[in-house]
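Here the chain labels run A, B, C and D in written order, and each chain numbers its own residues starting at 1.
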Amino acid sequence: MKIGFYPGCSLTGSSREYNESLLAVAKVAGIELCEISDWNCCGSTAAHNLNRELSVSLPARNLALAELEEMDELVVPCAACYNRLVMTQHELAEKPEIKALIEGKLKMTLRNDIRILNVLQFLEKHIVPRLDELVKSPLTYDVACYYGCLLVRPNQVMKDERFEDPMTMDLIMQKLGANAIDWPFKTECCGAGFSVSKTEIVGELSGKIVRSAVDRGAKAIVVACPMCHFNLDMRRPVIESYLQRKIDIPVIYITQAIALAMGLSAQQAGTQRHFVPVNLTVNR
Amino acid sequence: MSKIGVFICHCGENISATVDVVRVAEAAGKLEGVEFSTDYKYMCSDPGQTLIKQMIKEKGLTGVIVAACSPRMHEPTFRKACSSAGLNPYMCEMSNLREHCSWVHDKSEATTQKAIDLVRTLVGKVKYNKPLYSIKVPVTKTALVIGGGIAGIQSSLDIANAGHQVVLVEKDPSIGGHMSQLSETFPTLDCSQCILTPRMVEVAQHPNIKLLTYAELEKLEGFIGNFKATIRKKAKSIDEDLCTGCGTCITKCPTKKIPSEFNTGLGKRTAIYVPFPQAVPNKPVIDKENCLYYKNGKCKICEKVCPTGAIRFDQEDELVELEVGAVVVATGFDVMEPSKFSEYGYGKYKDVITGLQFERLASASGPTLGEIRRPSDGKIPEKIVFVACAGSRDPSKGKPYCSKICCMYTAKHAMLYQHKVHHGESTIFYMDIRSAGKNYEEFVRRAIVEDDVKYIRGRVSKVYEENGKLIVKGVDTLLNAKPVEIQADMVVLATAAVANSGAEELAQKMHISYDAYNFFSEAHPKLKPVETNTAGIFLAGACQAPKDIPETVSQASGAAAKVAILFSQDELSREPVVAVVNRSAPPLYSTCVGCFMCATACPYQAIGEELITNRKGEVIKRVAKVNPGLCQGCGTCVAFCRSKSIDIDGYSNEQMYSEVMALLND
Amino acid sequence: MNEFEPKIVAFVCNWCTYAGADLTGTSRIKYAQNVKIIRFPCTGRIDFMLLLKSFGEGADGIIVSGCHPNDCHYTSGNFHARRRWIMFRGLLDMLGIDVRRIQYSWVSAAEGAKWADVVNTTVTAIRELGPYTDYAKVAGYLEKEANV
Amino acid sequence: MKELIQKAASLLETNVVQVVIGYGKGSADRTRAIFSTTAADCEQLIFDSRCIQNLAVYLTKAEIKKMGKPAIVAPLPVLRSILQLAAENQITDDSLVVLGVSPESELIEFESLAAIETYLATKQIAIEEKYQTTIKAIKAMPVSERFAYWVKELEPCFKCYACRAACPLCYCTRCTVENNQPQWISVASHSLGNLEWHIMRAMHLAGRCTDCEACYNACPMGIPIYLLTKSMLQDVSENFGTYGPSLHRDNTLSSFNPDDKESFIR
């Protein structure tokens, strides 16, 4: 089976450590992730607000390329990219006329049968079953798993009964030895794109998330989305000014947590790239 | 040789506006086998019918075709007219020139031609029509009522009071259903048990009602007027004749910590128990799953203390066969298991409860004797948040439908709480307030205006605990969609009303249909709301769809009236459209070779075997035989029979073949 | 030369499709005149031989329609019919009898608009396929007609 | 085949059965069915690879039934037919003795019809690859060409009904083709009549045919009519999974599964 890999723009820019840690984890597990050659933008938030056809064509081209390279599965770590690709696949499957139109535009045909996996699905399928042998230095602290909005939505495609109260990341973290705390902000909004236009909103929304995690004793917040990470980590000064207090809880990607538990170095996990220093030697 | 009369109806202008009816009549007149044809303004009018009768007599017609509206509309009318003129009603058929022709096509040559084709087609059939005679079946004047909630109680009493026998089957140890669990009822706030228990007692004492509690339907066979029901009487481990209901066994039973079903888990019961003090019958049953003796083989304390020696540990389930003429299904509903909504914290936080649990808290007979105390620490909650539509109107996680009763009972809950805890504060998150019903809207207004219940239009996204409080996060869509957070002491979820877990299986046992949510389907959403598609089986109450008490009682009385109508006759007349296995001269006797594949294909188990014997009584042949009482006339066996040995009256091989030939040969 | 007007026979059940076609009428939805309905109690009653005879007598197309699965008035006639159609269609296909000329559908009593659509799309499809001359040649009714 | 002869003879001698249906020498190099009523008759019983006639066809014939309880020599195809006849209530455990013959020509005695089913469970009907290829090739033809192919194939048929007479499952006492009220099948052996006859025959065998090829073997014109039943056997297995005769499973066409899948009903 060939597992494809679609990094998307964030993983090559602001969240390089997400990319690095994922590849490092895959490498330890002996899994090859084959990056789609000549991949393009997923369309992001802009495309489906401005041009519906484009919003389908862009991800569709990536799917078609993956098919050409005979990939059976496609791992899409960025939650937003994943959402766009999955929605496109859904739309192409539901609406043959749109599929025909897009195929015409792209001059490519689609079987549309590739299994698209977000990072949690990838981990659950390929890494979790082997964690017992792969975990070398179990994590020993309390964490708050933060899912955000896109990992579990839209419901009609994801068909996850627990989309208001997901557990997948919590269960992975338990397996790494950490204690995933019960907290109410798992799927609250981080402020998302307001990060650029109205930073103070991010300060408030992400602030409440960070505060709840800290107050409930978490030593780290675990995420699986570049946007979430961006807001909780890089916007920390805005958060602190909203909360009127200094907060040093680090925000790590789930792949980084696994990398650390596997005994990889901070360098390999990419934790040195964060704005909020990752200092997780504190034992319970 | 057929002498068919063809009558073309103008239907005012409904047909004649697009079809040249005169030409149709002309063309029909030229067809082989047609003796007479004409057109008329309104065939269904008195003069129209008289014309048919007159022509039957005058021309000696052997068949009649009325080319007018759909036979689903007027076939009985014209068949009756023919019958009164001495022609067998089944010699009359209708050609559908209105719904299938004039209303769906524009005026044109092709439309008239199609009308001619349709008439010719039917002439082809009617040539082979045979006189048929309606089938009489006897009626067993006993009704089976399944379910002893308010619906079943009402139906049973009505049928019994009409003078007929009733067998009421209830799966729990007592009748009463959900209504017996309720505290007060909207919109009058009268005590539910006070109005229900007299009815329960009446059922128990009624000479025409036989009550089987702790019993379930095992099998239902037969057909309208002639059902055979098998009831499983679950072992109560009690000799009911000896038991006096003194209750000594209950007080002495050592297993006391079983969550009480009646109190929705908020109270406890013993292993030998009556569900609630006013139970009917007021005699205990032993819950085998929790009884120490059944579990470990030791205890038998109840047996030792029973003054009448009524305990029977060796009692087994008993199967009772009943002959009944009609069935009323009144199996009620259930409330949705709210654990699906983990974001509301049900199951995680003790003080998040369902509406039905709140009923028990508010009930004078409940675990708190009617005081509103929260389950976690028994404190009186200062602030309660009610979440309406927990699972209703929620296609993504719950049920897409409205559960209909929640708006009203939630208003009632808040009101009861305000009446009991004067300084308390109650907030209701709602989508819409649906309070259509007599005095319902006034009731809700009273909750808002007089009892100060705070209504917030918006949904709740999350309930979590913080510093001993339940934080309810929601949105107020009427205040510029501001997020709201309320610190509550208790949260009540108005969980969706759903079909009982065994509903699907029960429907399949009875061969009645059910909808996507497993509620039983009525025969017609408007005009046959209490009938099912299976004749003789009727619906009452929330097993058909969520409904409140007055609506349930009305439907239950409606179902009872239907049963009484059925029982008002000694015999039923059935359409003689049934299958028949042919007979032929010896040595064949029948062309049936007895492969009995028709019997496996029959949806009604209407095909059995017949042994053809000679004069000496020796079996010469084993052939299939259709029971005309069971056969519903679908004809599946006919299309299946390889040797064409089964045929169906009214849609016979000759009729259908000739119809196809006539259609395609102009 | 006028446009080819196909002859289409519709075999429908009484409870769903016949009633659905009645609703098409009461809703005044227009459709093509080519289709003529023959009423059966149930799709379970529809004999494959009648379909065959229809082609033999010059039908260019056939519609067979009844209640949706689980909606059968007789609970399972349509399930039996469905099996029969699956087998019959496979056999016809093997024999080179054009299965595109038989349109099977589920039309409920509430689907008046669907019935009109089934009729119209079938008429269009058969019109495109043209007269069923392959079968007609075998059936020999063209000669029969020519002789008249 | 000493064993078979001995067994047959002893069955007749002990009057367990009154007739043994088996294979004997026919004209030229052929074999034919023989009906032994005495132990001495049994000496003529033979069994070898030429014995391809499906003897089960005689089990439902009135003339044979009159002779008393039969024992029947039953190689694999006959066993399958016997089981199907039992499923269709034509024979019972008590009504016959089955002298099974294994593919290795060894005598197998069966206690009951159920034992036959157990035995056959390991010998599922399988359409030979060459036929699969032929069927595939026919189905690949354009529809008109395919139709022409069959019209031509069926042209030599003169409706002798040997296919029907040879088929153990065509045991109706009045075949629909003989029904003239109404006349379901055009009588004459012209193209339409032939087509209708063979469609009806195949449909009546749908889900019942055990692929013994008796129809083809009997056809004087060598028309490959078994391709129709073989193709339908494939359809049954593709659409409904199980096939082959069974005492406890309902027949394919007189039963259904609410989840039956198709792609052509709109």
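Heads up, the rule we're going with is that a contact is a pair of C-beta atoms (placed from the backbone, for glycine too) under 8 Å apart; a residue touches a chain by one contact, two chains touch by 3 or more.
For clarity, every value in this text was computed on a predicted model and none was experimentally measured.
Put simply, the chain nearest the middle, going by average C-alpha positions, is B. Comparing chain pairs C-D and B-D by the number of C-beta pairs in contact, the larger count belongs to C-D. Taking the mean of the C-alpha atoms as each chain's centre, subunit C and subunit D sit 34 Å apart.
Computed from the mean C-alpha positions, the centre of subunit A lies at a distance of 49 Å from the centre of subunit B. Look at where the CA atoms of subunit A average out and do the same for subunit C: the two points lie 53 Å apart. In subunit A, no residue touches two or more other chains.
Under the contact definition stated at the top, the residues of subunit D that touch 2 or more other chains are 176, 184, 253-255.
Residues of subunit C in contact with two or more other chains: 48, 53, 70, 76, 80, 84. Of all possible chain pairings, those that touch are A-B, B-C, B-D, C-D. The touching residues of subunit C, when paired with subunit D in their complex, are 48-49, 52-53, 56, 69-70, 76, 79-80, 82-99, 103-106, 118, 134-135, 138-140. On the side of subunit B, the complex with subunit A involves touching residues 340-343, 348, 396-397, 461-462, 464, 466, 471, 473.
Note for the complex: subunit D touches subunit B at residues 60, 88-90, 171-176, 179, 181-182, 184, 204, 250-251, 253-255. Those residues of subunit B lying in contact with subunit C across their complex are 70-72, 96, 98-101, 103-106, 108, 110-111, 113-114, 117-118, 121, 511, 513, 533, 577, 601, 603-604, 632-636, 638-640, 648, 650-651, 653, 656-657, 659-661, 663-665.
Subunit C contributes residues 5, 7, 9, 18-19, 21-26, 28-31, 33, 36-42, 44-48, 50, 53-54, 57-59, 70-71, 73-77, 80-81, 84, 116 to its touches with subunit B in the complex.
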